[in-house]
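Both complexes shown next keep chain A, but they swap its partner, so chain B is in the first and chain C is in the second.
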Partner chain A sequence: MLLYQLKIALTSLRRNPVITSLLIGGIALGICVSTTFIALRHVFEKDPLPGKSNTLFYVRLDNWDPQRAYVAEDPKSLPTMVTYRDMRELMKSNIPTRQTGTFRSRFFVHPDPKIGRPFAEDVRLVFSDFFTMFNVPFQYGGGWDKAADAKPEPVIVIDQNTNQKLFGGANSVGRTVRLEDRNYKVVGVLAPWNPPLRFYDPTQGLGPKVEPIYMPFNFTPILEIQTYGNSDGWKGNDGNGFQAFLNSDTCWLEYWVELPTPEKQQAFREYVNNYVIDQKKHGRFGRPLHTEVTSMPELTKELGVVPPQIRSLAIVSVLFLIVCSLNLIGLLLGKFIARIPEISVRRALGASRLQVFWQHIVECEVVGIAGGLIGLGISVGLLKMVAKVIPNGDVVHLDAEMIAVSIFLSLVAGLLAGIYPAWRVCSIPPAMQLKVQ
Partner chain B sequence: MPFGPIIRAMRHNRMRFAFIILEIAITLAIVTNAVNMILDERKKMLQPSGFDDDNLVSIAYQPFAPEFKEQSYVEALVQKDMRAIHSIPGVKAVATTYFLPWQGGGSSGVWKTDRFNGKFQAQLYAARGEIFQTLGVKVTQGRAFVETDTPVDSNVPTRVTIISRALAKKLWGNANPIGHVITNGEGATPRTVIGIIDDFYNPYAWNIGEFVLFTPGRAYDTTGAVFLVRTEPGAMKSVVAQLEPRLLSVNPGRVFRIVKISDLKDQYFSGGKLVIRAMTAIIIILVFITALGIMGISSLAVAERTKQIGTRRALGATRADILKHFLLENWLVTTAGLILGVIGAYGLNVLLVSKLSDVKMQWELVAGGMVLLWINGLMSTVPAAMRATLVPPSIATRSV
Partner chain C sequence: MLEMTHIKKIYRTISIETHALEDLSLSVKAGEFVSVTGPSGSGKTTFLNVAGLLDTFDSGSYILDGKDVSRLSDREMSQIRNRTIGFVFQSFNLIPDLNVFDNVDVPLRYRGLPATERKARIENALSMVGLSARVRHLPSQLSGGQQQRVAIARVLAGDPKLILADEPTGNLDSAMSREIMDLLGKINDNGTTIVMVTHNAECSERAHRQLHVFDGRIADVDRPRVVLGSPVATPGLTATLN
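And then the complex of A and B:
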């Protein structure tokens, strides 16, 4: 039956190619715009770690100026990062199953002089849990162990590009890389890893990419490694030098914990609060008690990592699609009404109302699918254009989920445009038309 | 012209008009909100920095050679570097500073003053050399920095500052700001305001884009330095080509990173440009599509009613009456759509406005959108209505 209806639909569509192409063009226009901006939003808003992001929590403490909130106009605001001393103390807890403090720095890589001049590269300082917590993919080797954290041992993890540059892409586990004036042993090489957002660093927005080199955090106090990320301070350091900076109230670290169960989440929240209450006795944390242990999805929402404009474009583009399909109603009505004599004959010859209705719906869905496929094709091109305009745009692409959404939308658009005209023509009584004829 | 017959005639095709009304309503909602977003982005883009953006380029170096571990070596080298940059033909001025216009941030601090009640936040940048000539801003009150403002010992804090007019206004109103003192926290060195620059804007969180303190200090240490270079108009390309070779000939033990401020600015506004382009395209296509839709519906309405039109003409209606009928019918539909659309426009605005971008819908925009769509609706009805006037009265006597 469906095949027969498809055949009639195609015949009918071929009969008036101008109207048919207008119909298909209308749907294609709506689909290409909506698919482009829904896909753009999807790339940046989709869960970076499905199934896991709800167990990863980001810790914030309000250690800001007692006289003035972090954002002066918003007394509930608190710093987006934590201090070195607080991270150190909080990491003594064994409630989280995994945890890491982390920040970004920059080092000089000294390759074999045969390969080239030294170059500066972003380096992320992390604890060994980092790699497991954030599902970092490895091509060779893996992260380091707790012993390497504690000592710290001179080990590093490098990404694929760096491995290509330094070792020609070979398995470099066990070989050494010179950073500044020290040698580090490669323990792991990353597989290609290009998440659209550096989701473990919520302070950086859309801009920068994941770092090419990772080394043990505990080198920080030894080598006096400075941050290349944000650092927020509200009072000077007590004294000079790096140790004074580490002891200061300057916030410059991201601190993540993994808390798989509600019990652990509850326990850790209490632990953090108790720590701050205890610190208050020592004259720190002059503001009202305020700590946040926020899950990754909530954090992304709260800090607005995705620009609000991308969300707005997605909403507007869906409304645009609705206008496109509403617009086709008039066209379809005209087309179907012109066919009333033919339908009357079919009805008089025994076609049921339902059959007539379905036949017209099928015709509209053929238009919907055709327009949808064309629109999908155009949106691939549009997304390429968008990718050129925005920073870090090379991650923008259509995935299977978005293609499915796009096809679903074109079916809905076809239905939205066709349901009323189809209902109108199927409710025409057969006899009346025959009489006039 | 009585509305009664028109409305009664429309009742026969209720659903059809309902769809058009809905379409016009959504169109108005989208168009007004899209224009609103475009205006908001444009406002941000048109905000001038006050600097000679197009002729500014930054060159930063990071050293790997061992001699850079000595601060005294770096001091001497930076002076040599500045002279080397200055000697490049087409260079107008050069300074060392960590300030980089249009990078969407920078450094800031919280300060106290002798007058201002409480604390305030402002951007803070150390600079040495001809910083204001380089940026292209004038010190309009007080004096610029001189070489002796920078203490010889890099551990000694500086005692003077030059601030932006906007900050001076915020702190001391219209009083003379020169000679006032700004400190950060107890025991910290107070800094005396010695000069004012009129123009300064660098987008920053906390809405402190116009508030800045420049201090005469070192934007370099043993880990590297940043130079900001201003070129003569048109000399950017040749200067950029010569920067790295010049500085490499002074000392090759370092790597460089060159960024044109115009590129930074482009990057900073990339999201805004995307919004403007996409929204402009959506508005144009949408108005066009809505026009097509109205044309379709009105020619259908005319085609269906050919016989009735003929009858009316035979009963004495003039061509003008027929034209009026269809135009009024469209006007009623459009107006109904627009009334619904006003609600939609404000509703969509609430949905789109987030905490971050606080762009309220202005009534002028809604009014403008309504006028646009009224005209659009009438123009789209004219062809079909004109066709209707051509229906001869004799058609009333024929059967279909």
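And then the complex of A and C:
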């Protein structure tokens, strides 16, 4: 019967191409707008790092001024980063499966004079676990190992653009790059990597793209590498020089751990608390004990990394789709009422009220699906336009989940538009129209 | 086959009550060919609509093919219309977008028959009405007589026990009318009960029995129960202003 109803639906839609176009166009417009903004929200709010988000945890400690909270109005606030000395101590734990501290700096890259002049580039200082923890993709080679971390070895990982600039895009593993006054060996070249958020640096939100160069963190004290990211401190350093800075209570590092099981998560939280309690005995951590070991999805939500405007736009766009659907009710009612003579004949020949109802609902869903597919096509173009005006916009795209949501919304839209007209016409007694055609 | 007893049907609007059928009683045996005549507004079409379960009635009882159809659900009534009753209308009531084959196919689809059986029935029915060569034609490409034959083929394909015909020759010339009446006669000869509403005296006389509807009641022309002009006669179609 469904195939027959589809046949009747298609015959009916072909009968009035103008009305059919208006119906499909109305749904397409609603689907296009709603899909665009829901996709935007979806990309930024869904699992930022599929398969990993719920095992990666960000560590924060409240080492702030005992006299006031980190955010004065919020007594429960705590600094968004950790100090160098705290990170070092906490990294001695073997509870996490992997861990990394990280920060952003800036170096001058000195290419071969034949290629071009020196240029400044962002560099991220990381431990070897960073690449596995954040699923960093490689085109050539890979990250360095723990031995290279410890020494530290003068190795770097570069991105595709840098590789293109310095080496013409060839496999540059083993080649040398001069940063400032040192040579570093390339051990890995990244594949294209454009995560929706620079999630390992939650303080930046929808910030610039990922850094093009990565080097071992342990060069920090050796080369006295300054941070070019955020730093927060409530008191001055005890002493002068870079070492004093490293020993201070200034927070400037992001510290991530991988805790794949609830037992490890619990154990590490206790470890961090015990560390702070111990540090209190040495006169640090004057505020009440407050530590956070927060999963990646919770952190992005807590810090409001995704702008609330994107969420609001998604809601408004769904309302727009509902309005589009409701506006089609009048059109469908007129179309269906014009077919009452045919409906009466079908009823006389044995169609029940329910069969007539479903026949019209099928027709509405055909309109919904057609409108949905066209709307999806338009939303691809619309997303490209939106992507140009937001940071990291090129990660915005329609995935399988979003396409399924759009198809579902188009079915709902078709049903919303058609349920009342279908019910009206199937309720009319068949005898009324049978003599008149 | 068809037993109606004291059927009453009132159409109500906000200000007017129209008694379309007033104490209508009728009995039609299986295999009978009955014609129903009457002046305009006497209730013939309403009677046919109630008989064909296209409309409900307000009081009385109606036994169709041994089954009390007074309190059936819409689904049950639809099934009876599909399997037991066939309709032939004055204006043919073919679906204009469907060709001859698909028009005859409509009631069979609602019966849920498999494609092979439907095809066999349709081809057989069209051959009985002499339209096998017009299978792919649209109704607009057929004459009035041909369209009515398609409508009859649509009925035959379902093999109903009862055919209700509402002015089947109303839109046809005399030659075509005779053709259609011959066809209906043959169908009746095969055992199908036919109740036909008509204004045409010649068509009416083809029936075994003639009934006359007047003011929502039935009188047999052959065996009159109500005599016009007598105190027993009804005073005319009742329209009560509320």
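One rule holds in what follows: the second predicted complex is superposed on the first by the 425 of 437 C-alpha atoms of A that agree within 3 Å, B and C clash if a C-alpha of one lies under 4 Å from a C-alpha of the other, contacts with A are read in each partner's own complex, and residues count from 1 in each chain.
In this text, a residue touches a chain if its C-beta (ideal position, glycine included) is under 8 Å from a C-beta of that chain, and two chains touch if they have at least 3 such contacts.
Computed from a prediction, not measured in an experiment: that's the story for all the values here.
More residues of chain A lie in contact with B than with the other chain of the pair chain B and chain C. In the superposition on chain A, contact is made by A:353 with chain C only, not with chain B. Within the superposed three-chain model, A:2 lies out of touch with both chain B and chain C [touch as defined at top].
Of the two partner chains placed by the overlay, only chain C lies in contact with A:345; chain B stays clear of it. In the superposed model, A:430 makes contact with chain C only, not with chain B.
In the overlay built on the shared chain, the residue A:400 is in contact with neither chain B nor chain C. By the document's definition of touching, of the two partners only chain C reaches A:11; chain B does not.
Comparing which residues of chain A touch chain B with which touch chain C, the overlap comprises 436.
By the touch criterion given at the top, residues 26, 29, 33, 37, 65, 67-68, 71-72, 106, 108, 110, 117-120, 180, 206, 226, 230, 233-236, 240, 304, 307-313, 315-317, 319-320, 322-324, 326-327, 329-331, 333-334, 337, 386, 389-391, 420, 424, 436 of chain A touch chain B in their complex. The residues of chain B lying in touch with chain A in their complex are 15-16, 19-20, 22-23, 26-27, 29-30, 33-34, 37, 41, 62, 64, 105, 109-110, 118-119, 121, 155, 184-185, 187-188, 206, 223, 255, 257, 267, 270-275, 277-279, 282, 285-286, 289-290, 292-293, 296-297, 299-300, 303-304, 348, 351-352, 354-357, 400.
Interface of chain C with chain A (complex): residues 45, 49, 52, 54-55, 74-75, 78-79, 81-83, 87, 89-95, 97-98, 106-107, 109-112, 154, 166. Interface of chain A with chain C (complex): residues 1, 4, 11-12, 15, 341-342, 344-355, 429-431, 434-437.
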